[in-house]
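Presented sequentially are two complexes of chain A, the first with chain B as partner and the second with chain C.
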Partner chain A sequence: MGRIKKFRLFTGSMLVAAALASPVLQAQETAKFALFHDFTKVYTFVADEISQGQRDYVTLINEEGGIKGYKFEALVRDHGNEPQRGIELYNRAREEGVVYYNFFSTPVSNAIVPRALQDKVVLGMPLTGRADAIVGEVFPYVFPMMATYWSQAARILQYIEESEGGLKGKKIAYVHIDSPFGREPIPIVDKLSRQKSFELRTFAYPSPGNEQSAVWSDVRRYRPDHVILWGAGNAQLVSIREAVRNGIDPAKMLSVVWLTETDMKNVGERTAIGIKRAEVVKPGRDHPIIQRILDKVYKAGKGAGPEERVGSSYYNYGVADMVVTFEGVKLALEKFGPPLTSEKLKLGLEMIRDLDTQGFMPPVTITEQDHQGGGYARVSQWDGKAWVPVSDWAAAFQDVVWEQARESAAKFNQTK
Partner chain B sequence: MFYRQSGIYHTRYEATRRLWPIPFERWQVGVILLLVLAAPFYLSALYLQSYLLPWLIWSAATLSLTLLMGVAGQLHFGYAAVMAIGAYSAIHLVRFGLPFEFAFLGAGLIAALIGCLFGAAALRVKGLYLVMATLAMQYLVDWLIINVPAISGGAHATLQAPSARILFFSLENDLVRYYFALAWAVLLTVFLLNVKRTSFGRALVAIRDKDYAASVIGVNPFRYKLLAFFTSSFLGGMSGAVLAFCFYRAVTPEQFSFNVSTQLVAMVLVGGLGSVIGAFLGAGFVLLAPMILTNIVAMLSDFGWLNVSVNLLSHLPLMIYGALILGFLLAEPLGLAKIYDNIRNYFLVWPFKHSRR
Partner chain C sequence: MDFLFLLELFINGLNTGLMYSLVALGITMIYKASGVPNLAQGAMVMIAGYLLWATIALLGLPLWIAIPFVVVLMFLFGLAIERWLLRRMVGQPVLMIVMLTLGLEILLRGVGPGVFDAAPKRLDLGLGLAPLVVADVFINRAYLIGAISAGILILLAAAFFRTRLGTKLRAVSDDHVASWAVGISVERAIGISWGIAGVAAVGAGTLWGSVQGVDWTLSALLFPAIAVVILGGIDSLLGVFVGGIIVGVLGSVIPGYLDPIVGGGTRDVVTSVLIVLTILLRPYGIFGREDIERV
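What follows is the complex of A and B.
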């Protein structure tokens, strides 16, 4: 009897010891995020800043003690916008047990989508990749997380409708780079032009968009009421210069998210005062999250890049990507406990309801069906020094966006 | 030393005409073939799927291009477009309901027909002017794919490769995809090794060296230039289909852009014009060197030996890669194949420095 008691005591104390030891063990757990970019080819205009924002937020979370005993490591590599290099990085990262992947390049993300679905790993695709991936039933492991290009285009049109008292009879020029990215929103603006009976004409300039003079004299002759700009990087600068040269009022121009402070400085701060853009994250340093980064990361000398960049539009997009992902991590660990896996992270992300970021982002709600996070965006205007919001966060014409997304996702499903 | 020739006496014509008359080389080929056949059993999925598989497929594409550029001497700067036609045709044909085997052939035929159309320019122009004509093909095909949603697959311009079977095996399986790509690469290798010894191959070589002279000796340049474009585009289109089904599994126009064409030309040139082993070495170098260099540089940085910004870290591999290409081409303008050949020649007569060939 005594022996048995002793044995019980022994095993009991072992269990207690194990229970006590496990949080200590957990504290050493590291989860890896693959935050790959195209630093060298096409996305150079944005990769540096977004990557810096992502890494700084990861550092911030680690500095603040991690989440539920987890610390995080960001793997940062260059894939040069080449799918085959992206696939190599993906396979390598899979061997390292990465839980979250973000390639920040449309061609590479699109090549990874079928693999991520097959391997059941979370692929974050904010502001890149296929716009129909918002359909959670068809793309269970793909998370666009922020308003897609379709929702941005819809938001821009809604802004015009609100500020002009209707779209009916308006002439809208859609000027875009002739690439899949530039053509992507056309079905949405086209559908809305029929629904809202405004006149739409599309103007394509050849990629990479360094020469657009012929297109813009066409746009001038068309005499549009509003011009929607759909380009990125240097093409945007050329567009603005040509538009101004052709006497188009900058206040009538609205751009996709890819227009930043740097672009406005390069084109001349006072050249295009009044130009507007779609925005999915608040720019600037005037926010608790950015202040925390400045305090805990940059004061400690652990910043991932030059401090001047902190708070730029693209930098904040990088931070926002991580804010949403870490919320998913937190929810997943709270609900399911360690170890953190990609499958748990997927469920965690789908539990995000009205994520309150104190105005850094619109309220994000991700569900099993909706991987877009609600599709909120707003419009901001360049005042010569900074981007000033001229509208509230809103999700625009989501019925049209979702109809298009479901139709396109159904096609994807057929061929899978 | 290795390539011993002593004791080899050819007593029959067949023996002299073998592909590899030196026994050591037959061993070499056999061992390499065994190694790649057994690769799935000793290579991890990472190296099989992201190094060996694309290497084989790109080698096949380089082989098809070297037939045109190296053997027939017709420059082609729009070869990615040829592969794009093959890839898109194969996918659309399979989606249309054709069995994969026929779609695969169909992809080659469609690519060959369109390739011939642009190749017809070669009947009138040569050299740099032909480069311009083929460049036009690249841009036209790019434009068509992007602008016709029925081809590109809708607003996202991404087309999934549908599930298909080759003979009785489903292409959904990683192993099947690998062996299919391997079989295709081996088939093309054997074809290219032999084509140089046929009347067709010799006619192409005659055209490459001087088309007037070729027509004087009775080779019809019209016919053979078109045939060169036809054959090369046929094989290139099929290689594009292999690339789409076995590697990418989802095609977008960016995968076949002008950059890819220049990469293919670089593979042919760095490897060595018209050489079979050069196609493999060139494809391997151009495709894998950036990946390997990126990993080496990243590893150095992880160890803390290379403390620079991420941006410079990403550009370093490119700089080294550029320097390597320059270095190789300065050291041996005839490409990697010639470097291999030099080594082989050295051992052929070792320990002597020269001998009669």
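What follows is the complex of A and C.
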């Protein structure tokens, strides 16, 4: 056999081998998710648990064989709630070929938004970031995915309206940390106060909220029918303690999502029985998704943190973020096939219709126009041991929320 | 004007201010003994809070044993800071030493949550949440006890500086070289002052930790404590007491009336204005000693 013939045979057999091996290579394809957090500054109260939930769900998907030949890798890094560090991490992750980004920090996410839009990469912003990013036409690559703070505030007011037989004439105190996060829902609450004819008074306490006594003296004297709490971390604990010290009935208090089992244990489990909160994900372990994580991740010793955290409210928020994202991945790969890119993931997320999580989350529908997923939330109440739902999932006053969102998004469009 | 509201703001502000004094006490103790303004005191309060929580929750010790145990730990921690960090700075400009304490504050802020987990911790002293109601004025019981404790600790600190050891520390503060010349161990004296600041941090960490829980935000108490020492005079224990009351009362009463008008958040503005005005009008504070240097 001549040399040239030998070479051709060798080359041909290599090509055949490569062709045969390609499904194997495809099965080993890895997609990277950047699941960055503030582990060291402001969001420390939530970062560990949410990150653990995200990573455990990624491990679960991998343990179950991945999706359409893809395995997934969670890149976990600390940005310290600093936009500049966030941008540096973003640039590095871009070079590493990340397809999904979530910074879980309002200032960092907001700093990344223009870059994500320009680079056409998917930026998940559940429970953080710009509330107007629900407007898909203006923010095509940004996905809040769950009820924003505006929708949560609206749902809280709708709950009061339903349970009290109307809002007219009620006195509502809105007590908030004096930060962009604390002030964010005020335009919505204010609009609804005029629309529904209830009296609204806002009370701000300085960040980080470790001393609020003067504010709560004032709240007590205002004699509100209901108090809406808009804080996070230890500030929430101080708020509840001060409210109780001032004789305010916990059953009249309703909080943003940032109030969990851990917070209630720190306040004292029986200190504020009856307090309510907005909820966007079911807490606890009594759910097939969480049971799958316990069975396939923790029994295999592959958990990302302490097992006792599994099922906490914050942990489940992290899981929920990944549940929606992986649904988008699945739809994208089914429709467009590999390779998985951020552009395909965007389209996949926008194909999600009535995502059925068997009650883990409200039904999620994301469209090209609506990146909020429908804006559903419910209200749950602390019974001394656990959070018990006292309302159904519902999207409240979305006309007001979307009017505000479109107005704000239009301003963003003009200035970008 | 609602007099009862004003009275309530005044009393709760007074109590809160004295709680700030607890944090400020550590700064003054070190300054009086070594002439170093310690910007790591907020983080030391946080570390003391974490250690007390860990001693109770993880080691299972009862509160009455846990507190003296942590007092010893924090005294040793203060000594260690002096031995391993401050002693290396002998002969360096004061500004560099201040920067070192600031660096230490930032480091400890990260280390505390890193070691003990960032989630807020509960520190229950069994004080209950029921307020003390006097003539329709609601007085925060925890803050009242904190204020009384602060007063007692400040008196104890004043008494300490009249002891033989306290006199040595004051001498060291006045002049390191002269102290050496008369046989006082300057290093040991400064070490003891840091140890005592660690002990003062236990008082603040315990009481503040009980009212707000233990997490990194305890270190944010540094800001009002700085206002207290600037206003009262950084080398004056009486200044710590009076400065705390002024910062607390003004930080309660003014926002109580101003916040509803401007939309809130004026307490930090009040504190900042107090700092600026004091530095402009009376740089050594109300009771601070004005040093005159011959050139």
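To be clear about the criterion, the second predicted complex is superposed on the first by the 394 of 416 C-alpha atoms of A that agree within 3 Å, B and C clash if a C-alpha of one lies under 4 Å from a C-alpha of the other, contacts with A are read in each partner's own complex, and residues count from 1 in each chain.
As a convention for this text, contacts are C-beta pairs under 8 Å (C-beta built on N, C-alpha and C of every residue); 3 or more make two chains touch, one makes a residue touch a chain.
As the structure is a computational prediction, the values presented were derived from the model and not from experiment.
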**OP:** May I ask you to decide whether A:D178 touches chain B, chain C, both, or neither, giving the answer as first, second, both or neither?
**Re:** both
Of the partners chain B and chain C, which touch A:E162 in the superposed model: first, second, both, neither?
neither
*Now for A:F39: first (chain B), second (chain C), both, or neither, which partner does it touch?*
both
*Based on the superposed arrangement, let me know which partner A:E269 touches: chain B (first), chain C (second), both, or neither?*
neither
When the two structures are overlaid on chain A, which partner does A:E343 contact: first (chain B), second (chain C), both, or neither?
neither
Looking at the overlay, does A:E403 come into contact with chain B only (first), chain C only (second), both, or neither?
neither
Could you tell me if A:D48 is touching chain B, chain C, both of them or neither one (first, second, both, neither)?
-> both
Task: In the overlay, answer first, second, both or neither for which of chain B and chain C A:E199 touches.
output: neither
Check whether A:P107 is in contact with chain B, with chain C, with both or with neither, and answer first, second, both or neither.
first
Dual-contact residues of chain A, meaning touching chain B and chain C, are 39-40, 48, 178
Listed in rising order, chain B residues that touch chain A in their complex are 44-46, 49-51, 54, 95, 143, 146-147, 152-163, 247-250, 252-255, 287, 290-291, 294-295, 298, 309-311, 313-315, 317-318
Within their complex, chain A touches chain C through residues 39-40, 44-45, 47-49, 178, 201-206, 208-211, 213-215, 217-218, 220-221, 233-235, 237-238, 241-242, 244-247, 262-263, 265-268, 271
In their shared complex, chain B is touched by residues of chain A numbered 37, 39-40, 48, 51, 76-78, 80-81, 83-85, 87-88, 90-92, 94-95, 106-107, 110-111, 113-115, 130-132, 178-180, 183-184, 186-187, 304-305, 404, 408, 411-412, 415-416
Residue positions on chain C within touch of chain A in the complex are 2, 5, 8-9, 12-13, 16, 110, 113-114, 117-122, 124, 129-131, 138, 140-141, 143, 208, 211-213, 215-218, 220-221, 251-253, 255-256, 259-260, 263-265, 267-268
